[in-house]
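Okay, so chain A shows up in both of these, paired with chain B first and chain C after.
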Partner chain A sequence: MSDTQLLKVDNLSKSFGGVRALHHVSFDLKPGELLGVIGPNGSGKTTLVNLITRFVKPTSGTVWFKGKKISHLPPYKIVRLGVARTFQMVKPFYNLPAFKNMIISLYSPRMKQLAGGRYGDRDAVALDLLEEVGFERDAHVAYKLAGALPQGYLKRLELAKAIALEPDLFILDELFSGLSLAEVASIVPIIEKMRIAGKAIIMIEHRLKELFRIADRVIVMNYGEKIADGTSKDVMESEAVKSAYLGTEAD
Partner chain B sequence: MFIGTTIYALINTAILALMAIGFNLTFGISGIANFAYGALYVLAAYGVWMMLNLLHLPYLIAVVAAVILNLILGALIYRFVLIRVRGQGISEVIATFGIGLAVLEMFSYFGWVGFEYTLPVLIDRSYIIAGTYVDMQRIIILVFSIFLILGLWFFTHHTSIGLAFRGIAQDERTALTFGIDSDWIATLSISLGAGLAALAALFIIPLGSISPGEGYDVLIKALAVCIIGGLGSTGGVVMASFIVGFAERFTDTYIGSHWTMIVSLAAILIVLIVKPSGLFGKQKELEERI
Partner chain C sequence: MKKRKERIDRGIKVRSTDIFALSSWREMIYLALPRLLPIVGCLMLPIVLGVYWQKVLLSVAVFALLAISWDILAQTGMVSLGQALFFGVGAYCAGVLNHYWGVSPFITIPVAAIAGGLICTLFLLPVLRLRGIYFSMVTLIIPIMLVRIIEATKIFGGTEGLSGMTPLPSKWVEIYLIMGVLLTVLFCFRRMLDSDYGLVLKGISDNDRSVINAGINIYWFKVQSLFIAGSIGAFSGAFMTHVYMFVGMPVFVLDYSILPIAAAVVGGPGTLAGATLGAFLLVPMSEALRGFGGLRIVLYGVFLVVFIVALPEGIFHYIQRKYHQFERWVEVEK
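Up next is the complex of A and B:
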């Protein structure tokens, strides 16, 4: 692979018993690129994320990250190389304050690597990170129990936990789903900021309008296969996409 | 008689909690029910006995060595056996039970039973408290048990690293998401549980003698306490130890000693029927674990 690529997915496939969840999917990602992944329900988007992060073992195919083959590594090692992900279904510790939810991130081996074992006051770091993703410090939102926070804040918390790992690649699985337009609008600038910082981002989304506005490139999944790959404009106009999304775009 | 029974019930509570805390910690962290727990308890006791009586090592060195050996043994059990059946609950139980059985039956086979197999008490002294005779060893157990459980509770609830640990314990997905090797955490959980089994043995065995039967006894008591309290919860262990500890002593004094065992078993049955997840068990979502 050429060294301008950060991630290379090569012929990745996964079957669950008889279900072909992903079928020979390949694509590359450059550093700093924002790649959108769209497709109808059950088209294999989350499976793709799970295969890259190795939460699920590929049936065949290879994934390379920073020139290193990672598709045989356990998930925790992939995280340590600089890949962070968020989940479609957030599972915070509801009985802990939001900032305490950050501790696992802040005690992770990745953190130790980056900080050389010295990280200082983690609570202060947690509060800073949360402020970065829009937990207004004056309103003391970070001190509220996660269980008392609206969905928009829980998604931001999820994002902050990923940011804490200082990854080179973020994989965000349906960060916007379940959020109001206003909440999405408040998260978009955070993602733009991550891009300005040079991070590569893969965004799985059903919210096409918002995604098309910020994505450099979009790939389209249908029945486990990649059916289109190009700029937002190309993809929007492609016939394959229109037919795959026929009737499902109405959200 | 009432005060005396209460004092001994308190001590019994401490003993039960001490017996169960390691088994419970392992389950709380990794969800593994380590049925070799009783064997590890007995093994540590025999280990110390051998170091004292055959190698003539000083007491302190013998106990430290026994605890460290148990820590290592626990880790080895995970790395060499459990890792291959991880996630299959029944296989985990069969594997650990098999290991425990082999160890305990080996000691039986070689006839390591008898009064000479005992460990020294820490301080050979006794007191009369409120008209009741209490030896120093039991007082030490009571105090040590309180400190151990408070210490564990403080660590898991009030230190960041303990909170992080508990978070990881609650959810393997979270562990992996943040780059933590969940097999390593599971290794640690068995290892720490085995270490606590050794500590419990060092304090409790001096009250009686070492025998393979003790291994089965400890396993059954740890299970009883964990079933009643709810597997994995420290609060549950404390609560259940109180219930069983008091029920046993009071039955012993006021009804008759041959009813003692029945009372604990009845308590298990009632809990299993009324609230199968135990008093502090998992029915509540994301209950405080460890």
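Up next is the complex of A and C:
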């Protein structure tokens, strides 16, 4: 693989029993690129994320990251190399305050690997990071139990946990779903900031309008296969996509 | 009119969490009392108790340690049904060292604690990836298997066990050794669970995928937790070997597995203090019920059920709440 690629996914497949969740999917990603992934429900988007991060073992296929094969590594090692993901179904520690949720990410061995990693008071760093993603400091939202927070804040918490790891690649699985337009609008600048910092991002989204506006490139999934790959404009005009996806969604 | 109970932190709690803590005697006592009470209690009890209840106190401390060990594992998402494994392995380690090589109890006990912790960790290493009930089943089965192995191969004295162990120098050394260790273990590991490290352990039981997603190798943390819990359990076994001056197959009986769980649940899991409190309640109660003969277990069971139904959060959590907060009824607006 060439130096210009950050991530290379080659012929990745996964079957659950008889269900073909993902079928020979290949693509690459350049550093700093924002790749959108769209597709109808059950088309294999989350499975794709799970395979790249190795939370699920691929049936076949390979993944390279920064020129290194990662598809045989355990998930925690992939995170340490610089891939951070958020979960579609948020996974906070419900009986801890929001800022304490951050501590575990800040405890990550990745922190120690990074040159000039964030040391010192983890509580303070956690509060700073949460403020960055929109936990208003004056309102003391960060001190509330995660279990008492509305969905919008839980999604931001997921994002803050990923940012804490200072990854080179973010994989955001439906970060916007379940959020109001205003909430989405407030998160978009955070993502733009990540891009300015040179981070590559893979965004799984159902919110096409918002995604097409910020994505460099979009791939379209249907029944576990990649059916289109191109700029937002190309993809929107592609016939295969219209019939597979846009026709079925009233978005 | 619907009413709802509202809980509010006592003023003294709020004040004593910040700088004003040292501004008045009342607040200093408020802060120190929860720590002083158990320390003074544990150090005074041996003096005021008679010979019989001193023996019971030893048993209390041993079960408290086993309950703390269970609680640490449970906090890391591993529900053990086999505390007897830790206890028994520690007991045999000390017994073998003392019986075959005549090593002094002051060396066998610490060595057995560390070696016992390692051996238990190795036993459970292959099943660390099992979740929930599958892990629990294995912890239940291993001590039963070990008993059969000792019986069949006749190693370590077989069914007879090993006797004639060196006792500790005096009953005062015995009792203050175990009390000292209990207090140290209780305060140190409570502190550990409150630290960021402890947060990671608790995170594993809450939501292991989220912890993995921080680049943390949860199996390595589980190994550490297992070793800590194993060592605490093995210590109590090694200690009892020298108290009874004997080690044999009874060290693997189910009592050592079940009672610690009951103590932790009744006392309130997750705090270690609850587990200790539970042992201080259940073990003497079980002794006091001896007069009832065959009905003892029934009464004991009834008490357990009453506790669990009346205070499902555990006694310690209840006391802690009452200490720090007051309650009042407020009307709920429709």
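One rule holds for everything that comes next: the second predicted complex is superposed on the first by the 244 of 251 C-alpha atoms of A that agree within 3 Å, B and C clash if a C-alpha of one lies under 4 Å from a C-alpha of the other, contacts with A are read in each partner's own complex, and residues count from 1 in each chain.
Assume a residue touches a chain if its C-beta (ideal position, glycine included) is under 8 Å from a C-beta of that chain, and two chains touch if they have at least 3 such contacts.
This one's a predicted model, so the numbers in the text were calculated from it and none came from an experiment.
Aligning the two structures on chain A places chain B and chain C in a clash.
In the superposition on chain A, contact of A:47 is made with neither chain B nor chain C.
Judged by the touch definition given at the top, the superposed model places A:55 against both chain B and chain C. Contact with neither chain B nor chain C is seen for A:71 once the two complexes are overlaid on the shared chain.
Looking at the shared chain after the overlay, A:222 reaches neither chain B nor chain C. When both complexes are overlaid on chain A, the residue A:161 reaches chain B and chain C alike. Residue overlap on chain A between the chain B contacts of one complex and the chain C contacts of the other covers 55, 74-77, 79-80, 84-85, 87, 91, 93-96, 100, 103-110, 122, 161, 165. Every residue of chain C that touches chain A in the complex is listed here, in rising order: 196-197, 199-200, 202-203, 206-207, 209-218.
Note for the complex: chain A touches chain B at residues 55, 74-77, 79-80, 84-85, 87, 91, 93-96, 100, 103-110, 122-123, 161, 165. Per the touch definition, chain A reaches chain C in the complex via residues 53, 55, 74-77, 79-80, 84-85, 87, 91-96, 100, 103-110, 122, 161, 165. If you check the complex, the residues on chain B that touch chain A are 160-161, 163-164, 167-168, 170-171, 173-182, 285-286, 288.
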